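For reference, the structures are reproduced in the following blocks.
Shared chain: chain A. Partners: chain B in the first complex, chain C in the second.
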Partner chain A sequence: MRLVALLTWPYLRRHKLRSALTIAGIIIGVALFVAMHTANRTVMAAFQTTVDRIAGKTELQISAGETGFPEDILEKVQSHPYVRAAAPVIEAVVATGIPGQGNLLVLGVDMTGDQSLRDYDLEGGDEDVVEDPLVFLAQPDSIIVSRVFAGRNRLETGSRLPLETMDGARRFTVRGIMRAGGMVSAYGGNLAVMDVYAAQMVFGRGRMFDRIDLALQEGVGIEEGRKSLERLLGPGYQIETPESRGKHFESISTALSFSINITSVFALLIGIFIIYNSFSTAVTQRRGEIGVLRALGATRGQVLGLFLAESAAAGLIGSVLGVVCGRLMARGMTLFMSGLVEVSYGANQRPDELAAEPWLMALAVGLGVVASVLGGLLPARAAARVDPVRALQKGRTQVMTAGENRLRRRLAAAILAAALGLLVFGRGNAPFYVSYILLVVALVLFTPALALRLARMLRPAWKRLRPVEGVLAADSLIQAPRRTSATVAALMLSLAMAVGFAGIASASRGSMNAWMRGTMNFDLILTTSETLSSQSYRFPPEVAGEVASIEGVAEIQPVRFGRIMLRGRPTMMVAVDVESVARRITFQVVEGDVSRMTRLAREGRGAIVSDTLALIEGLKLGDILEIETPSGPLRIPVVGTTVDYTDQRGTILIDRELYRRWWKDDSLNIVRVYLNPGADRNAARERIQERIGARHRLFVLTGAEMRAYVERVADQWLGMTYMQLAVAVLVAILGIINSLTVSILDRRRELGVLQAVGATRAQIRHTIWMEALSIGVIGLILGLAMGTVLLYYDFYLLRLNIVGLRLDYEFPVGFSLSLIPVILGAAFVAALWPAESAVRASLVEALEYE
Partner chain B sequence: MNKPALWLLAAAVAGADDGRRIVEESQRRARTSSQRYEGTLEVFDARGRITAKRWRYERLGSAGDSKAVLRFTQPPEVKDVALLVVNHPDRASDQWMWTPAIQRERRIALQDRSTRFFGTDFSFEDLEERDVDQYDFQLLGEDRIDGALCWKIESRPRKSRSSQYTHTVGWVRKDNYVYLQVEAFRGGELIRRLRWSDLERIQGIWTARTMEVHDARRKSRTVMRLEKLEYNTPLKPEDFTLQTLRRGT
Partner chain C sequence: MSSWELEQKALAPIIRLRGVEKSFDDRKRVTALLGVDLEIGGGEMVAIIGPSGSGKSTLLNLIGGLDRPTAGEIHVDSRPLASLTDDELTGLRRDKIGFIFQFFNLLPSLTSLENVSLPLHLRGWPRKRIRDRAHELLELVGLGHRLDHLPDELSGGERQRVAIARALSVYPPILLADEPTGNLDTETGAEILRLMIDLERRLGTTILVVTHDSSVAESCGRTIVLRDGRIVEDRRR
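Up next is the complex of A and B:
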């Protein structure tokens, strides 16, 4: 404590701004971590909460992926001796048609039996709707809404509520209002209940149910019941607890979690560098005081402990503030992620309150403190090794010794060699990840030497530009590389990360555009909802025939898609008329012969899988897919691999006839329409709207509109990249302000002398500005160079079984060029305040310095 | 249904040899090959509100081996909603409900039979017929209901899971073997009490034209009146199928 009073406290009081900047670095890192993970957890929890709340007393749920299953299964389940109650369910997220109210989660249930599973706590006077559901069942426009929703929209029993159905907008009659609490709080309170058979009709489900909820007889264990029902129904059905649905959702959204984790790791690394920078500066500035303390008998351990305690304290304060800021940021990020998840995965969730998981907060604080201590470890060790005699000498504080530099370079070279060795000779994922980490470490260790070399290279250019200020700025960097190397390293890392994401984004977009050009060449597409991932509505099969008969229509391709279970994971399956599709689209074949694969698929003797699925599941030509269907297990060989971005986790393409046979499902999600040559697209669209839209919920898009929609969804994902760019810029500004502040303090005497011998304020200002720009330029060059190398790793990483995306290496030239003005502008902005502080400093004080 | 709560009637078939014999005789006297009537239901809830329904009823067969169609005629919102009940002598009946507005039938599952029959004080289970072999009977003694001397018979289902009730106690008039009252219990708790009145001899069969069900827990009661009652009318088996139900005839 005495050491803290002697050394730490006076330093903090003198360097409030730098202390604040150090802590700001931790705040940003921790806040980003907390915000992204809280938002992710909130969206996941909102989905699980919705599942749990509407599950009621349900112990097991029976489903067949997203495809649904024939309703006769219900009777089999209900008559099973282990089953106490089983009730069919249809779930749909429906547009309310009320401005500002968004979507309503409609639960289709069988009111004659569902009360065994769910408690419909209706307001006084409405109980009869449940007790005497005759009118409710007899009138398909009957609906029960939650008190929350009724309150928001001033609905009462008897009110009419407009809802989008497969038959277009229809008005439903509110026959009851459920009291707040329990099930009603699912989906943010936007919950409604209607008859399951009416739901089949209004949402185009045919004679299919989405799932069966059931409760077991007393004394029957969940696992015992599950296994027995599995034996009864066969492998085509998933029989799971409601909690398991959340796990499936997490498994299909791995790309989102992966992206979040990568960003978190980088934010943490950048935080470590900011702390390292600040503490090595602090150690350098306090060498004299450390020397005195050491001369007075303070041990090396005490000095080491002091600096580690300082970094831990900074880490703790920054982390706690970071958690607070992260929670504030999480709200906005949750909205963004919720939209992204709904549009990308079709998952029904509506976050109403942020997830508050103590372990996440504790982890964030823990990581912040650990990062801070790690960042402060080397400076603390340097402080402990301070020689009291040399410490009391002036000068040479920021100069790195030639020996130190050589050691670093050799270490970096050895690590680089190890990284490359692992990359070339390593087998499997683990050596690749280790190689990635080693490469980052090696490049970071090379940074001081590279920064020094670049500063020397900059000197002549700067001299030509500004003979006095340019030279002074370059010399400042050359003479004290330690002062700026950590800032440069942090900038380099953040830019490399941004380049990595931009490269992936650019390549994904390029690849996706090529795929869209080859496959989305239809003239019009008919869908049942705005978000193509939604499974709430489906077309009845006769719609296909009706569209085909419309004037101007040359050919139609009905499509049914939905997630099925493959190897225990939800996987998107697309069922089309393969013959027609093969005639119209260009498959980007990765493996297999196009004519053979389409022939076999058309004959129902093979499935074409997307490259992504092949990479994730390790599928090869000829491998047998075992797909669980309502008619039993379908064993079908992989006959081809193509590029297909329909779903993030990959797709299985089969013939629709095969699907109909095994799933006994005729319904459709979309209909692709090709017009006769020369046919007027708008006129055809109007005719379709008139003929089909009059009776069914319908959205007709042109091919271009569809492609634009897909691009918009992709852009939402790219929004993550822009967030990372924002972090990179923030880090750049923080780091540069930190470095410049130190630089000015270090050179107060030098700057004072300059002013005393006639240097103008403008010249001092320009010197600081140019120093900042130098850091920016060096950071940019190294960042882009590192990004170029890491991008290779990033593309390789995508191919691994986590993401399964095979993209060709593509450097994001445009994005990288746009970074130049952004980073240089940020460097200039960062220099403004330090420069003003330098020119306004007292000349007398500056000359008295040291 | 000559007694709307035929299950309760059957369940009340008396215990031991005497009990069983009395119940068998009661069933024999009430047995007809078919039945048709128009019924009116009035439900009086605990708050004094009254709701009413009307329907047409037809039954072919009897005593645990019959088929019945019940088609609602009032109120207008539920007109033509129909219920097909297929009773089996050895197991629970199958029931389907037809909803004309969506042109769909739904099966009402066994597990749901303890729920109330569309807001009345009957449960779906109360509408079933059961064979006397499904119950154990015990003659408890004699008692008077409305001045008439009755046998008092307890019945218990042999398969405990097949009924929501643990046991029932029935009062059968000694002079004409007609049920006047049944009390249904779960454990020691009285769940429902049914009373028959307005006895009339129709086509040689003693028939109660009014039945009242009292739900002890809800403190509500349902009064059912039978009109235009006919026995042994010529009905066709094909009129008691899901296809006929869908046709709405």
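Up next is the complex of A and C:
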């Protein structure tokens, strides 16, 4: 450590920019890791916090997926001897219509029983209102709001508050204001309470409740109470503690966590390469210093220790700064993810403060330091191997010997063979993952040899372009392949990963478009909210009949969807009139016969599952699905598998009649509308708005608008790809600056001699620029080639049971072509500063070694 | 050291080379040294001269344990270098040999005091002792007033004095100097030479100087002339 203090600090002071670049590598990696995970944890925690704060003294919650259950269940529960208090709940997120206020979480509760579960801490003078719940009940337009929300909107008792209801916009009267703190801080304070029976009407629930919150008698254990209620209600209900609801949310958002983990690993991997590159540069720059140290009696171990300690210190500083930057970035990313989670999963959460989990920060710092030490390991070993005699001879460099190259190539070939062997002969997931990693390692090991070959191929072209500068630029790469191989490898890896993400994005978009063309062929669609995943409002069943009777409407398809529990996991179920749907849409069948599957589904004797669900759950034709319903377990065979992107974790399609029978629920989420041939779409839309929009909350979209909405949601997911591209460009710039700095240092004498014999500054500049462009070209060629191979693995990976997405191989040609100007532009920008430093270096000093 | 002690020390050769050869295989094989036999007694001050490419620096690197011979034996302080591991060789270099280079090879980011302290830090000495020793050495070479100067702030002669102080950090019995005056003007070169002679006399250090400078050679008690990798002359004064 003393050597670090004595030698490293002055070196860092003298090379501020380079030190900053090294640390920047770690900052980027750690910041991305912290930002993405903090945002994810924040959104997850916000959901759980909302659940917890609203739960109050609730010990158990009874629900039936997202579908709700009939009112009579409440009586059964209330009369159970173990239950001290049970209260029905309806939960909905409502647009306030007040600019800048966003949504309001409305809790529909039964005031007569609910006060033993939740503490409505009302401000002075208001107690009378709710202390007599009957007063509250007698006035169905009553609402209680939080102090935070009231304060923001200058509301007082008696104020009128407009809210969107199923019957259109209605004005509610504020009958009470809840004091800040406790339950009131749920959903960022945007919380309101109303009577549960009013909420049934307002949100189109019919005679159903979303859930029952309950407290047990004293002395009854939670597990004991849960089991007893389970026996009472049968398997169609989930009886859980409020805490376990967060777990379901985590399980439906697996795709988000998967993307985040992949991006984090990618960022850290790139960080390792940047460190490797920076330390390789430092070793080259400090060759003389190392030589002196060795001559003065420093052992190889001491030199190795010095560089490893430096990389650990850089890792620590970069990681701490990375955590700080990551926290700053997390704010923006949380908003992005919160929006994504809302539109994708319909989860009620409103993050108000960032999750600050010490273990996450400690993990980020730990990973940053480990990544930094890993990145610094090979350069440190190279430093320990510096030959003091050569290092002390001015102008001589130590290049990698042919022997080392041969060894590396042989090792790479052996690893590649192992990777391919595992791919061809391996069974199951583990050999596939190992094969993936081995392939990446083999390609990275091959990089110096491939880069050298490509540099040789570039030489004649460069020579034709610029006889002197071109040749010098190519020769610089040919003579010292080690100098650039780290940069090329980092560039190759980051481009390959970016190509991988873009390939998946483009294929999934293609596949989704094909699915949309086949299924979203309706003329109009009626929804209850802007985000299709929201379960806050539902149409009453009569809406379907009303729409069908409107002039110009040829056919309607009412749809009820919601997550039910399948094998302990929330799974999306879609209930439709299969006969009508089968006539109108084209199923993309993966397994099964289309006419047989639709016939059986129509008769209520089978379920059609999406390919994604089949892959995730390993379902095959004929497998029996056991679905928990309010009427008991429904056992139904899988009669077909089709492509369906309604939900990320897959869907189960059944006939609506079957759903009505088992769930005793005839409410609707959406209504698909087909018009008569030649009917005016806009006129029909207006008629629907007039007839139904006057009484019900309603959004009417055309097929094209609906498809555009789905594409917008998909695009938000693709935002991750752009982050990969940004990292790839940063890697290109940092890596190329490093490589050029070393190259100029190594060739100081050569460049000095060139200037001494008459080369102009412009010519020297061109040499450096061309060297940078060469690195860019080689990185691009290898990156695109590696991307072509890795993409195959990526598609296979998606098919496994984590994501369950079956896509055909598709190379992202457009994206890859767009990389060419981006990376070459980045290479040129990276060359500007090193080129200037080369032309401004002292000629006398450069020639001193002659 | 008394003259009797110096005489006793001189009896046993501190450096001994038998049939030493060194060739390099960069692109084509180049022989730098061929059949070199040499014995240097303790406390001797020896000049090694010869034209460029005659093998002078190679000889110094081999004696200093920076490089290994292709053939032959080298004993330093009675230890055969061939049998030493890399770390043992480093240890020998650290405790027995000091190096002085033509281009000083000071670390530009360290002050005079820090440059001189460096070898002592490598030995893990306590800080206080390092500071005292570095002060003492810089006083010895006449730079007590330049402790906190960076190499850039020193003249050529002063830089070489710092390099000498650094080489003497543990008062090694052997000092190897590669063209120590080659980068200095005549007057400064003479000053450095006087300092080295003084050290030889006061500390009994064995000094080997590779030089092109005839005045340096004349000041040494023994001159070895190398040509084409062989010793062609070994004269004592």
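The definition used in the following text is that the second predicted complex is superposed on the first by the 825 of 850 C-alpha atoms of A that agree within 3 Å, B and C clash if a C-alpha of one lies under 4 Å from a C-alpha of the other, contacts with A are read in each partner's own complex, and residues count from 1 in each chain.
We take it that contacts are C-beta pairs under 8 Å (C-beta built on N, C-alpha and C of every residue); 3 or more make two chains touch, one makes a residue touch a chain.
Owing to the predicted nature of the structure, the values given are computational and were not obtained by experimental measurement.
Enquirer: What is the contact status of A:154 with respect to chain B (first) and chain C (second): first, second, both, or neither?
Expert: neither
Enquirer: Under the stated touch criterion, which partner chain does A:139 make contact with: chain B (first), chain C (second), both, or neither?
Expert: first
Enquirer: If we overlay the two complexes on their shared chain A, which of chain B and chain C does A:294 touch? Say first, second, both or neither.
Expert: In the superposition, A:294 touches chain C alone.
Enquirer: Check the residue A:86 against both partner chains and state whether it touches chain B (first), chain C (second), both, or neither.
Expert: After superposition on chain A, A:86 lies in contact with chain B alone.
Enquirer: Looking at A:464, would you say it contacts chain B, chain C, both, or neither? Reply first, second, both or neither.
Expert: In the superposition, A:464 contacts neither chain B nor chain C.
Enquirer: Return first, second, both or neither, reflecting whether A:840 touches chain B, chain C, both chains, or no partner chain.
Expert: neither
Enquirer: Determine where on chain A the residues touched by chain B overlap those touched by chain C, and list them.
Expert: none
Enquirer: Write out the stretch or stretches of chain B touching chain A in their complex.
Expert: These residues of chain B touch chain A: 43, 51, 53, 72, 75, 77-78, 81, 97, 99-102, 104, 106-112, 115-116, 118-120.
Enquirer: Once bound in the complex, which stretches of chain A touch chain B?
Expert: Within the complex, chain A contacts chain B at residues 74-75, 78-79, 83-86, 110, 112-113, 115-116, 128, 131-135, 137-140, 195, 197-198, 200-201.
Enquirer: Within the complex, which stretch of chain C touches chain A?
Expert: 61, 64, 66-67, 86-87, 90-91, 93-95, 99, 101, 103, 105-110, 114, 117-119, 121-123, 166
Enquirer: Which bits of chain A are touching chain C when the two form their complex?
Expert: 2-3, 6-7, 10-11, 13-14, 288-289, 291-302, 388-389, 392, 394
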